[in-house]
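First chain written, first letter: the chains are A, B, C and D, and each begins at residue 1.
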Amino acid sequence: MDLRDGPEEGAFRATLRAWLEANVPAGLRGFRGWSSPAAVALGRDWSKRLAEAGYAGLTWPKEYGGAGRPWRYQAVYLEELARAEAPQHLGVIGLGMAGPTIIAHGRPDQKTRYLAKILSAEEIWCQGFSEPGSGSDLASVRTRVEPVGAGFVVNGQKVWSSYAHIADRCILLGRSTTASEKHEGLTYLIVDMKSPGVEVRPLRQITGEAEFNEIFFTDVAVPKENLLGDVGGGWRVAMTTLSHERGTFGFALAGALDVAVRKLVGLARERAGTDALVRDRVAREWIDLQALRYTNYRALARLERTGVPGPEGSVAKLRWSEANQRLTKLAIEIIGREAQVADGDGAPAYWRHQQLRSRGNTIEAGTSEILRNIIAERVLGLPRSR
Amino acid sequence: MDLRDGPEEGAFRATLRAWLEANVPAGLRGFRGWSSPAAVALGRDWSKRLAEAGYAGLTWPKEYGGAGRPWRYQAVYLEELARAEAPQHLGVIGLGMAGPTIIAHGRPDQKTRYLAKILSAEEIWCQGFSEPGSGSDLASVRTRVEPVGAGFVVNGQKVWSSYAHIADRCILLGRSTTASEKHEGLTYLIVDMKSPGVEVRPLRQITGEAEFNEIFFTDVAVPKENLLGDVGGGWRVAMTTLSHERGTFGFALAGALDVAVRKLVGLARERAGTDALVRDRVAREWIDLQALRYTNYRALARLERTGVPGPEGSVAKLRWSEANQRLTKLAIEIIGREAQVADGDGAPAYWRHQQLRSRGNTIEAGTSEILRNIIAERVLGLPRSR
Amino acid sequence: MDFSFSPEQDQLRAQARSFLEKSYPLARLAEIATSEDGWDRASWAELARLGWTGASIPEAQGGAGLSFVEEAIVFEELGRALYAGPFFSTVALALPALACAPDLLAKVASGAFTATLASGTAVQALGAGDRWRLRGETDLVADAGSVDAFVVQARGPDGIGLYLAERHGTRPQVCVLDTVDVSRRLGRVTFADDDARLLAAPPAAAKIIAATRRRALTALALEAVGVASQALALGVEHAKSREQFGRPIGAYQAVSHKLADTYVETELARSLAYWAAWCIAEDDGQAELAAVAAKAYAAEAAVAACERAIQVHGGMGFTWDHPLHRYYKRALWIESFDRSGAAHRADIAQVLLGG
Amino acid sequence: MDFSFSPEQDQLRAQARSFLEKSYPLARLAEIATSEDGWDRASWAELARLGWTGASIPEAQGGAGLSFVEEAIVFEELGRALYAGPFFSTVALALPALACAPDLLAKVASGAFTATLASGTAVQALGAGDRWRLRGETDLVADAGSVDAFVVQARGPDGIGLYLAERHGTRPQVCVLDTVDVSRRLGRVTFADDDARLLAAPPAAAKIIAATRRRALTALALEAVGVASQALALGVEHAKSREQFGRPIGAYQAVSHKLADTYVETELARSLAYWAAWCIAEDDGQAELAAVAAKAYAAEAAVAACERAIQVHGGMGFTWDHPLHRYYKRALWIESFDRSGAAHRADIAQVLLGG
């Protein structure tokens, strides 16, 4: 047990920190989302620079262009990115989900065709899993994937897809036989987002921005080379995608929370330094942050030892989302009536935006209800509640 | 809408208050439970005096010896009793549950035989519903009620029965046919607690005292005159018993909470008057108390108009139990380490006892989980979760 | 002791609910919110015709001569419908001061006159007798862009008084702010020697200001109850119809118990709000405490009700197109009014614990 | 960066758990608690033999020369087993001061000597050089009735120092109090000119007192993690086996999500407690903050874990015969030690926000 960086990690961290100080574009510091085209343009450039500096695919095997490093380097990377308030690589879906799934299930030609361009940010990926009728219950997807001729034809609707409005490719889970059991008959495809019949509609959210999208597929032809895994074997491929979502996800969350707690402390110092109730709540958030941080380190140790992400990923997501909701609400309470004002660059508009946005945290990427089910069933071994 | 007492209620309240000041025995002021034989002896006498003064059976019809008054008088009675920190009539199970059930379902000879002695406290009743294997799921009781000769033979075990150690009679729900559906085949009996084969064992609880009992029935013969309702029709009779449990129950709870909040305010004034966190929490408890109080008044107005208790009974029980747990915990936090001491007459031992006892509040008389189910299903019309 | 509404009051509620459901259904919320004014001006005459703007105005001044209990019913129902228009401003915030000018009461009752309160201590009243001018700025004034006049708390030669500044053309200058709840906008009002009329001079003004605050807190508590009720209704409806894993999601306790908690808190908030309303109608000695308790509790209950409803709705509850976010933003508006819940509880602690 | 235990440390934990489950199973808790001493004195030699009492004592003094991380493992497992005996008192509260008297360390390591801390400012140390007498009373002293000696914080001629008063017959006078957690009793210790030995004089004593507090808070955080883990295990076991309405109650989210929350909070508490333990072992600059944070969080988590487990057990969880109440009372004992969670958070706020 040693909670300090080892010499190599320390050097990696120092280099990265200096690199970030020199390289994060001014327009992306204090990053708040990819909602404007200007931000996306900066983001593409930024992602290329990250890749050139060797920070894309840190844990990917070297044979696929990655750095082949142990997970702890990815953790340091995420911590330092958060510390610098710099955005991640624009291709997080490709790097964190599509890429590892292709590495695990893809044919050699698929690896050649896709992996390098994920790293370089030449191609941006999105995920087509959720549907309007199938949120938490992924196995109930109804998008049709019909084998036709030498390929497939896709019809259906996906929703809650980040990056779809700028994506080149989509990992899509659909149903190729309607008569089968829920987990069977699912097929996993790579869809070219430029294909005829693909329509993306931004989904405006509570904050007024659109971070997510609906994707409509109307008679979209997908060649058979784009099949990942077997026809009808999509569930197993999808599980790989989802397990990779959780790998070092907690570090990104704790990093974001660290920034938020630091800003909260600043706000409280400025506006409510003597309020005992505020002081108590700020201290609680600080403690929760440390708890999350060190839980991540424990998860990392286990991941490095076993190669399998533990249940701490669900724990981190669950607690981060609730912490972020509490913390942003505390901030608007400190600000008071002024937080009603939505425009401007100051603290009121910033925290109001964060507070409204935080309501999605307990819904996106696994609702809190589903995460508690997962913990109850998979960790504690309780009977299924469904 | 008028939240003041009307002239008659005002007079009733004034008379009762003066009577309580003059009549509550010194040994029962600040009453904390019937655990000692000395308290029970005082309680029998006290209950007789309540009856003689006309305060037993306030809402019972006059033909059965009651006062035939509207429900609001029962509410005033409970408020004033709580205010005086005086115990209720020792025969609450008889007055609030067995009596009304006999009035609704009993034959004339049963009414003659039982009702007057309930009022006068000559006979104390207990309830035999819960069983070790059947807590929230009442319909699953397994105590056997076998028709034998001119009566029944009872075998089985009941649990969580208050007053059983001093009771003369028990209202018992058992199963007379094993082959039937859960709600059918149940039979409701009046059992003489002095019958051979009845054994009562006090159940020691977290505080070290025994307020509840187990009752073991071994080949207990019950004459057929003691059948309430029909053989196999016990479920409907039991539902009458339970609905009466909720009538003005909320007033007793709010009354108890009122006393607790007043004591908490005193404690906070004395030991933590300047602590902003304590002040905030005390104010919360005071607000919750008012919310409960006025919810009871709304429930009372509905009960008087419709004759049927509304869902507010479940609301009051749910919130009272949680408020009492929060409040007693706040008290021991205020007291600090001294609250580890269990003996003595002072605030530490008093609040420690109250705090430990409060953990039962969310379990006894309907767990919080069951109450939330009831609200979700019966009030909001959501589908059953079972 | 009778905590129930009279048959006439029940009828008023039924009428209000059916009128609002018909004329201002959920489906119209977005359209009204994005209109330039942010409200349907034509609705005001309807509200007046139904007798709502004049509910508590004496019959001699064209009102219905009823009490705050009847107004309470209207506030709750307008909250449930998320009605956008200066009813809260005119009836809760301005009316107590307008009672000093009986000529205006008839105009309020008839729907010809709306007003709001511009409070704060940064406005000066200059002049004397019948001629007054106001100078200074007030911020975050409710419905500033919609009303015909401002009741202004201003510092005159003898202290804080209440003045009426009517709006003529571009005077006083009003800047409507970009705020979160677009159905009740806030504005900055700048007085540059604008003409005003004295409504109440210092000693009387303080009493009116205190009474106004009690009314406003209680009105918002009632509105919060309406908001929470609607959020609950939407959540329940969704939980009954949305299926996941082969069952309606309302069959899962993670959903149903959340909604049960919302029901419980909404009922408790309702009890406090009605208690406060009765205290105000009767000028009861507990009115202040009741109003503060009701506002603190009901605002938090409404916020929690909306948050739970959003969660129950899943992603859909997070979208702009669903009406829930509008209710949520109103709940947050209410919560931020006057002071925080913690500050209100500190007031109560002061009464209970001294110090 | 490696937040994992070594194979040797994992082995120590496995050994501790299996020994305690076998020798001090749940079924013996009541019997031990109602024995006159409230603990099984014979167990002490076993603990010493296993190397636990001397884990961090240098090998030269008969210990194992390990670090606080190993002691942390033992504290957690003893908490899980609700071991009744002066381990916390001797190893967490007394050991830092006993390090000033190397002759005693060997006795601690061998199991021949137990001690506790009697703190407070009401004791006076009279004398000089090698001859000291103590006069005064300390209250709520942990394990006062079980130990061989008291490390006493007493006011001497130059300020607060640390003294050792060994117990001989009835001196000093110890009155064991009737307290809620009978598995770790508290007592009042009265010194009437009892002989004592100076362990540390003023400037050094303050450092030892601060280090002792950090150790004690962290040890209790670890114990709380053990308590919470056992409460969780009992709740899960019951939820799997108890049926109501035809299904195991663990299939209802009202039960399963409560237990999931306990799991989450226990894991977070564990992370904080291990962090604090490492900081203490390494004498890290964050040790103070980490110890305070871990104790505040873990104590509340343990209390909540027990409360949820009681609720999941229904009436049975509320009975004297079920072991849960003993865990609950220990959790409350831990929570009340040193200062409240709120006071600990105030310390943290002081660091974050100044003032």
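Of note:
One rule holds for everything that comes next: a residue touches a chain if its C-beta (ideal position, glycine included) is under 8 Å from a C-beta of that chain, and two chains touch if they have at least 3 such contacts.
Remember, it's a predicted structure, so these values are computed and weren't measured experimentally.
Taking A-D and C-D together, the chain pair joined by more C-beta contacts is A-D. For subunit D, the chain whose average C-alpha position is most distant is C. The distance from the centre of subunit A to the centre of subunit B, each centre being the mean of the chain's C-alpha atoms, comes to 53 Å. Look at where the CA atoms of subunit A average out and do the same for subunit C: the two points lie 41 Å apart. Remark: subunit C and subunit D have CA centroids separated by 54 Å (rounded to whole angstrom).
Touching of two or more other chains is recorded for residues 276-277, 280, 369, 372-373, 385 of subunit B. Residue positions of subunit D with contacts to 2 or more other chains are 247, 252-255, 257, 342. Put simply, subunit A touches subunit D in their complex at residues 1-6, 9, 72, 75-76, 265, 268-269, 273-274, 276, 279-280, 282-284, 286-288, 290-295, 297-298, 300-302, 305, 312, 315, 318-319, 369, 372-373, 375-377, 379-385. Contact residues of subunit A toward subunit C in the complex are 130, 134-137, 140, 159-160, 203-206, 208, 212, 277, 332-333, 336-343, 352, 356, 359-360, 362-364, 367-369, 372-373, 385-386.
Put simply, subunit C touches subunit D in their complex at residues 252-254, 257. By the touch rule above, subunit C contacts subunit B in their complex via residues 1-6, 9, 69, 232, 236, 239-240, 247-248, 250-253, 255-257, 259-261, 263-264, 267-272, 274-275, 278, 290, 293, 296-297, 342, 345-346, 348-349, 352-355. Those residues of subunit B whose C-beta lies close enough to touch subunit A in the complex are 275-277, 280.
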